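The following pair of complexes shares a single chain, subunit A, combined with subunit B in the former and subunit C in the latter.
After this line comes the complex of A and B, so read on.
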């Protein structure tokens, strides 16, 4: 376990080495949130609520969804693709650790870094500019914390799956991009799932995506409370467990037919 | 005890080929032509604990593929490998704890962070105790002279500096078996010498087994008593470096530089009863007699030539290992 914790630390150091990226990142996220704020205000017009969310809840939803994204989002799929394409994965395989486990830890290191150096300061800036509604309820915060950890794992497992496909496809840049857009849309980052047409909400119930953004954001904005929130967490946990299976299966097959590129 | 036992090892790759032309490209979308190519073709060898073995061959002979199978990265198509008493691929995580690997062309340090941070992570990864680490690594760091580099990020190191750090990183857990895949590629003479000295030292001190692939045969000459030579996936020679020389190093060359103008025909006439072939390097006016291993002939050639002309310089050359190996590659089989 020691080595995995150490990896989180190393990742932290690596992020610090390129910290300027993150100052610009905060700016970009703030602009994004601002744009959505005005967009939603226009949509709401004079209406007090749409689909059970008030305008204030909606802007909070958007702000929180983007800030949570900073935590669960990582580029390990792209990194894996690069490591596999360039043959660096050979070096990873001569180390006494689990490659996928290490990748997850790197993602977590990145996530923690962004949470502290990006989400929190970003949220403060956004809260100063736009009216947001923060819950005073302690349990909401705890549920939210658990929920974004679970969303991190769901998103990371999907990233691992996409990353592993490089072993079979050799070049999967397109797939990685498609996956990112798909997640941003279906996870409820751009639009809460409750705004989707009924039939697509039905389908979405059977997909892991809403566990990434919709559930934690709804918990935070008190859109889900009590048993609904617990149900959401259970659904997330179930997806974390289910996704282990395809990741492991694909990994075993990938290792068997691994070819190291470039000598 | 054998550190490495390889038995009938074989690795096949699918080599895809593209059809020509636009219609060919469309057909390639659906079905692709491929051939099964063996990169390593049923090879067997053993390496004893504490041996230093040079593993050589042309580009594409299958050296790296073998090393990748021995280190558990690739799965063999068929055949058995036992390294340090384990099956590398099956027990990968436990197995890699007992080996160190340096890939000359790939860095295993983390690019953006200081060298010492990489070391610290590796120390945790290999579960090395502080006491062991301090005792062993202090020595390694001193010998490789990398103390001043430790707080620099890897991307700021020169190639020679990086290679020394790579070597140190591969030795953090003091493995009994070390794989070096072209460790001296692109390095200057001084760094090469330092690395060789160091490898010799750890081999003596810890009885570390070293398997080394390289294109620089001086590495092999300096370090290895035994060489395994690979050609198109087959072992074509496995034995002492010395007997390779004896078996293949035919003949000697004697080069003369004369003070006065010499004549090739005259020289040929002088030695026509001996086994000698004269060549002339027009540019430098160096006359070279190629002869067999017969020492009598060598001394006769020199005696007669010196008697006929005034000589500025004489050199007797034996073919170098490099020439011998080039010879073997060109002729194909040993």
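After this line comes the complex of A and C, so read on.
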């Protein structure tokens, strides 16, 4: 266990060394939030609420969805693709740790760093510019905290899955890009899932994506309360467990047919 | 004439290298298409919940997005200079560029061409035709001509802004993240500018004139007469910004001292 914690720490320190990159990151996210802020206000027009969300809740939703993304988002799929292509994965495999577990921990270290140096200050800055509504309820914050941890694991498992496909496809940059675009849409980052037409909501119920952004953001904006929030968390937890299966299966198959190209 | 010949030679060379890896090309086109589809889905879903966006209807917004895709596709095919600083200044590649017998900016553009982005223009046209036919837009015989002029204006606006930002590297060689930031600001131009507040509208019109890539020129074809003035100004703004950027580029090249080795 110690070595995994150490890995989180090292990643955190590594990110800390390059922290200036993050100041502009906050600005970029703020610009995106700004665009959606104006867009949503125009969409609301005179309406007091759409699908149970007020305009103020919607702004908060957009802001928290983007800032939470900074926490759960990572590029470990691309890192894995690089390591596999360059053959470095061979060295990784003989090291005394679980490769996938180590990748997850690196992602977590990165996430924790961004939580403190990106999400929290970013949220404060955005709150100064745009009207946002923060819940005063302590339980909401606890539920939200649990929820974004779970969304980190769902997103990371999906990244591991895409990363592992490099073993089979050799070049999967296109797949990685496509996955990212699809997750932005289906996770509820761009639009709350409740806005989608009924039939597509039915389909999305059976997909893991809404556990990435929709559920934590709805909890944060008090769109989900009480039993609804608990259900959301259970759904997320269920997906974290379910996704272990395809990740492990693919990993076993991948290791069997591994060909190291140089290295 | 020499420049034109040069251009086509580079295009031919580019096609050869790209067609060597067809699978990559297909995947890339597909992920581009997916990205454009997601933006379109966003508009479609939003208009399930509202009739108008500040007086603009669903099909009008779709039309504006379709229009935006055309100059943007041209821009991304030929002005792929977002990593100019790293690729040319930090690595000293600019030295090589300066020894070439054509204008340095033109040489950089030739080298960094990404013709597959042109496919976005096809998507854009398809989207415009879809929205246009639903809106029953009337066209004059000279409209296709004007379309070309307005699209070129939009391309020059984008090119002008990004060349100017690339020029920052001539003065300050530190790595900046202004480029990705600009791409995000550029997205503001996809929607009608009257949904933003006055300050942002001013910036999008006069300082970073991204509105001239999407809503202003598109308003002409939508018959929105209150915006015609801005529509006609599109090529002017494009030429002004692009000329300015070339001027700054030339000044920057004079200051370039190389990265040493």
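Convention: the second predicted complex is superposed on the first by the 262 of 263 C-alpha atoms of A that agree within 3 Å, B and C clash if a C-alpha of one lies under 4 Å from a C-alpha of the other, contacts with A are read in each partner's own complex, and residues count from 1 in each chain.
Following the convention adopted for this analysis, contacts are C-beta pairs under 8 Å (C-beta built on N, C-alpha and C of every residue); 3 or more make two chains touch, one makes a residue touch a chain.
Quick caveat: nothing in here was measured; it's all calculated off a predicted structure.
Once chain A of one complex is fitted onto chain A of the other, the partner contacts of A:234 are absent, as it touches neither subunit B nor subunit C. In the superposed pair of complexes, A:129 makes contact with neither subunit B nor subunit C. In the superposition on chain A, contact is made by A:174 with subunit C only, not with subunit B.
Shared-chain residue A:31: touches subunit C; no touch with subunit B. In the superposition on chain A, no contact is made by A:207 with either subunit B or subunit C.
Contacts of A:39 after superposition: subunit C is touched, whereas subunit B is not reached. In the superposed model, A:88 lies in contact with subunit B only, and not with subunit C.
The wider contact with subunit A, measured as residues touched, comes from C rather than the other of subunit B and subunit C. In the complex of the two chains, the subunit A residues touching subunit B come out as 2-3, 6-7, 10, 13-14, 17-18, 87-88, 90-91, 93-98, 255-256, 258-260, 263. Per the touch definition, subunit B reaches subunit A in the complex via residues 13, 64, 68, 71-75, 92-94, 96-97, 99, 101, 103, 105-108, 110, 112-113, 117, 120-121, 124-127, 153. Residues of subunit A that touch subunit C in their complex: 21, 24-25, 27-28, 31-32, 34-35, 38-39, 41-45, 47, 50-51, 171, 173-175, 177-178, 181-182, 184-185, 190-191, 195-197. Those residues of subunit C whose C-beta lies close enough to touch subunit A in the complex are 23-24, 27-28, 30-31, 34-35, 38, 41-42, 45-46, 48-50, 52-54, 176-178, 180-181, 184-185, 187-188, 191, 195-197, 200.
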